[in-house]
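Note that the chains are named A, B and C in the order they appear, and that numbering of residues resets to 1 at the start of each chain.
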Amino acid sequence: MKRAHTVISKAVSIMLVLILSIGLTACGSGSNSSNEPENKPSNGGTTTEAPAKNVELTFWNIWNGSDAYMGVLNDKVSEFQKENPNIKVKIEQMPHDQYKLKLKASAAGRQLPDMFVVWPGAELKPMVDGNTVLPIDDLAAEYKDKLIPSANLIDYQIDGKQYAIPNIVVYTHMIYYDKDILAQAGYSEFPKTYTEFKEMVVKVRELGVTPIALGNKGQWVLQSCYISTIGDRMTGSDFLVKAMSGEKKFTDPEFVGGLNVIKELTDLKAFNEDLNTIDNNQHLDYFVQGKAAMFVEGTWSLGGVQEKLPKDRNLGLAIFPAVEGGAGNPQALSGVTGQGVAINKDIDPAKLDAARQFIRFLSSEDTYNRLLAKDQLVPATVTVPSDASDTLKQLISLTSGGVAPVYDAVLTPQLTEIINNGLQSITMGTKSPEEVASELEAAKAK
Amino acid sequence: MHLLNRNKWLIWLGISPSLIVYTLFCMIPIGISFYYSFQNWDGFSDPSFIGLDNFAALMKDQVFWSSLKNNMFVLLASVLGQIPIALLFALLLNSKLRGAKFFRTVGFLPVAISTVIISLTWNMIYNTQYGLINTLLKAVGLDHLAHNWLGDPKWAMLAVCLTIIWQYVGLYLVIFLAALQNVPAETLEAAEIDGATGFVKTVKIIIPMIWGTILVSVILCISGSLKTFDLIYVMTNGGPAHTTDVMAIYMFNKTFSSFQYGYGSAISVAIFVVSLLLISVASRLLKAKED
Amino acid sequence: MPHTITVPPEKAMLERDTRHSMRKKILKLVVYIFLTAYSIVNLFPILWMFMNSFKSDDAFSQSVLAWPKQWLFANYAEAWRVAKLGLYFSNSMIIGVLAVLFTVLLGAFASYFLARFRFKHQTKIYNYFVFGMLIPIHATLVPLFILENKLHMQNSYLSLIVPYIAFGLPITIFILVSFMKSFSKDIEESAIMDGCGPLRIFWSIILPMSMPSIATVVIINFINNWNEFSFALVLVSNPDLKTVPLGLSNFVGQYTTSYTTQMAGLTMALIPVIIVFLCLESYLVKGMTAGAVKG
């Protein structure tokens, strides 16, 4: 099949275009049924299905930072270039915030690159509605329940169609704590219930140490890292979907209860006073400086804490404890897949095969293995190597209790804006949890 | 003037290059943007015409009104802060004071510094727990005056305005220094010879002489304040909870974070209209004083 | 006992003189204290940035105010590499200098006619230019992007130079017109007597007299262009054409920021602006005697 395809690649790519242009995307063209996505990079060159002609693909991503996953993905991109001299990938890299601005401006001007990194859920939906991204269901079929469990593909599905293959998984909630400070407060182990957690906060406060360092200037920390998991403890993981469909309300007591946790923690003086004027870099600094007993952020922070924390300090990892009376799974963590690459709907048909080949190469078993080796969690079912670092093993055990949705990936951007600002208002005491909840409910109705 | 009638073509030749570039790359884009304000558009899908709906919604939008109010704070602080301070420094630094060149350069520096650095350093100054201001207040026993400067809705806007004043004094300093070059040297020297009382007298003589430039500065202040964006965006991003939101930031967030492109355009129309209104009022008031 | 009246006249003069010079000295002292305080406030951010630009990120996390224990000059090399300053500095220079040159040339020329002549629609045209100052630039990002696409401008320096000129013209014309208007009308009249044409008057009289205000607009435009971020981000896609502010944003990740290398980069990026200011500073304060004599 592969050989045949190589021979008639041109014909097939034209056929593919025809099929795609009439919207028949769900069934494969037959060219990919035997193409295992877990190709080793070494056969990437031999299994080429790219047209003989040189093509140039433009590709935008945010992988110019120092995060470990970025290094792996960039390496893969350059390997792809080496092995496919006839395909030139022209890359433009930007930091996260700038990237999103540029992507939106370019989408509005209908000038997106051939391929671009997209965020799942709420951010992807308007792009799909605006006909800017190409469904890749046939490509996804190669992965589905083989390399990637279908549950890990759904973040990038809109109305049943797949638009990207995820490359990494992040959990947005993790408690990083100083074992020695907690021991001083009388805790050799992290509290198991919310009530005990609150007691611990009070005891740490009595030591003259800030219990939780929080930098919420960017507004997403309380929403993404706190309420996405804490809310889930109260409501269970299907609440957001039900609330959006009207089956449930944001004013329901379980949701208000989640917001109320933030209020209670604020009232207990769990956070530093300047929580709304410092950012997440600074809350990490407060922790590193020993000014705080813990901080809450996603799994991505682990590398930074380990690097910056003086060697004589003992780092502990935990997740938010069970909340008494909560309807959710007390082990679940808010998490989301990411760094998937989408294809421009208006891509030149002659380039499409090359783009698909690129995605196959990028999201391959080899990539996921290399990401694991860098202590990054991946959406694929690859075996954890026996020599995995303790950090990775601990991360995997802490994050294996189930996945809860991240609010900003599910809520519409308008609702996200309201809850972001609402959480800040709660910490300032200018709004009550009930008021924020009714604001959300009112905005949802619009 | 008699030159003119003979040189009509020359006048148009002189103005048209600017006029063409400016029309094509400034006015047409803004015209298109204003046109979006009559549409319901998320920036991705096909826009639909909705008439004045965006403006009707804007009139009822509390966040918009509070951001407009914050803009007015910035405006007042800029006009009443930047201009007098800059004028004072310009008069001092226009003289043959030893080290004037150094002070002029230093006075101008804040305009040139990256907003990232300004934000970082002023956040350190304002920080409620470890900040310079609160540390000083506590050191002299004025603990009750210590506040959460950027985090408290009562103080946040004031703190932001103070930083903005500081940032742009240098700009008006430069403008006033240039204006003072048209003031006869004898008038300025009088200030140095007579000392303080002389200084006050000179100011009374000089101000009318550079009144035109003061008017220019006020108008620059108004237009600058109403579209102020960079510093607040980096320093607070309008937070906490919209406390320091200004119209340009609200417009930016609506357009590029909430996918409400049409609504964002309506906000920029509002910025334009409010600026125009205030500038015509200000120039009328100030021109009257000139006459 | 009356002890002040019976002083000999010369001595009184002397005393008044010393009192006078004492007062002058005190006044001078007050002025210097005032200026020094102002300088400290202005220099603090820069010195702070400079000091921290030599720290490691760990050391910066530990304390933002402590003096660096070891001075990491390597931060500068790292910043130069990460922000691609080698390439971007020359891009920014080309774009910045050309944009300023054309903005000020076109602007000064237009201002000359708007300020010194009287013709039909003059006020309307002037107001039309001033409108440009009231526009929040972020509103124009998308339309401008589409426009440049249609004109196929994206793959050249023009994609930034032209919008920078267009958006620099309003403030340039606004400031220059107000300055040029303030010169006395006799200037041209005597020049015309001498047989000068309008272009000659512009080049040899009005332009030299306007040097302080020209210097002002050059400084304002250069800083605006040098630090401009949004247009550069959206309008430029070719990595070889990017500018310094885009490079400096490379230190900011999705979740983390490397502040110390960023500060090294920002310190380097500040140098050209200070050089431009120092070069033009003398024009700002050099009273153009030509104006004073003829005016």
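Miscellaneous remarks
Throughout what follows, a residue touches a chain if its C-beta (ideal position, glycine included) is under 8 Å from a C-beta of that chain, and two chains touch if they have at least 3 such contacts.
Labels paired with UniProt names: A = Extracellular solute-binding protein; B, C = ABC transporter permease.
All values reported here derive from a predicted model rather than from experimental measurement.
The pair with more inter-chain C-beta contacts, choosing from A-B and B-C, is B-C. The most central chain, judged by C-alpha centres against the centre of all protein C-alpha atoms, is B. Farthest chain from chain C (ABC transporter permease) (centres taken as the mean of C-alpha atoms): A. The distance from the centre of chain A to the centre of chain C (ABC transporter permease), each centre being the mean of the chain's C-alpha atoms, comes to 42 Å.
With centres taken as mean Cα positions, chain B (ABC transporter permease) sits 39 Å from chain A.
Distance between chain B (ABC transporter permease) and chain C (ABC transporter permease), defined via averaged C-alpha coordinates, is recorded as 15 Å.
Among the residues of chain A, those in touch with two or more other chains are 101, 105, 108. Residues of chain C (ABC transporter permease) found to touch two or more other chains are 64, 142, 146, 259.
For chain B (ABC transporter permease), the set of residues touching two or more other chains reads 43, 256, 261. For chain A in complex with chain B (ABC transporter permease), the touching residues are 100-101, 104-105, 107-108, 126-127, 129-132, 216-219, 272-278, 413-414, 417, 421-422, 424-425, 427-428, 430-431. Listing the residues of chain A that touch chain C (ABC transporter permease) in their complex gives 58, 62, 64-67, 91-92, 94-98, 101-102, 105-106, 108-111, 113, 280-281, 284-285, 288-289, 297-298, 300-301, 304, 307-308.
Residues 42-46, 123, 126-129, 148, 150-153, 236-237, 239-242, 253, 256-261 of chain B (ABC transporter permease) are the ones touching chain A in the complex.
Every residue of chain C (ABC transporter permease) that touches chain A in the complex is listed here, in rising order: 57-58, 60-64, 141-142, 145-146, 149, 230, 233-234, 237, 239, 246, 249-250, 252-259.
Against chain C (ABC transporter permease), the residues of chain B (ABC transporter permease) that register as touching in their complex are 1-4, 7-8, 10-11, 14-15, 17-19, 21-22, 24-30, 32-33, 43, 89, 92-94, 97, 99-114, 116-118, 120-122, 124, 166, 170-171, 174-175, 177-182, 184-185, 195-196, 212-213, 215-216, 219-220, 223, 226-227, 229, 247-248, 251-252, 255-256, 261, 264-265, 268, 271-272, 275-276, 279.
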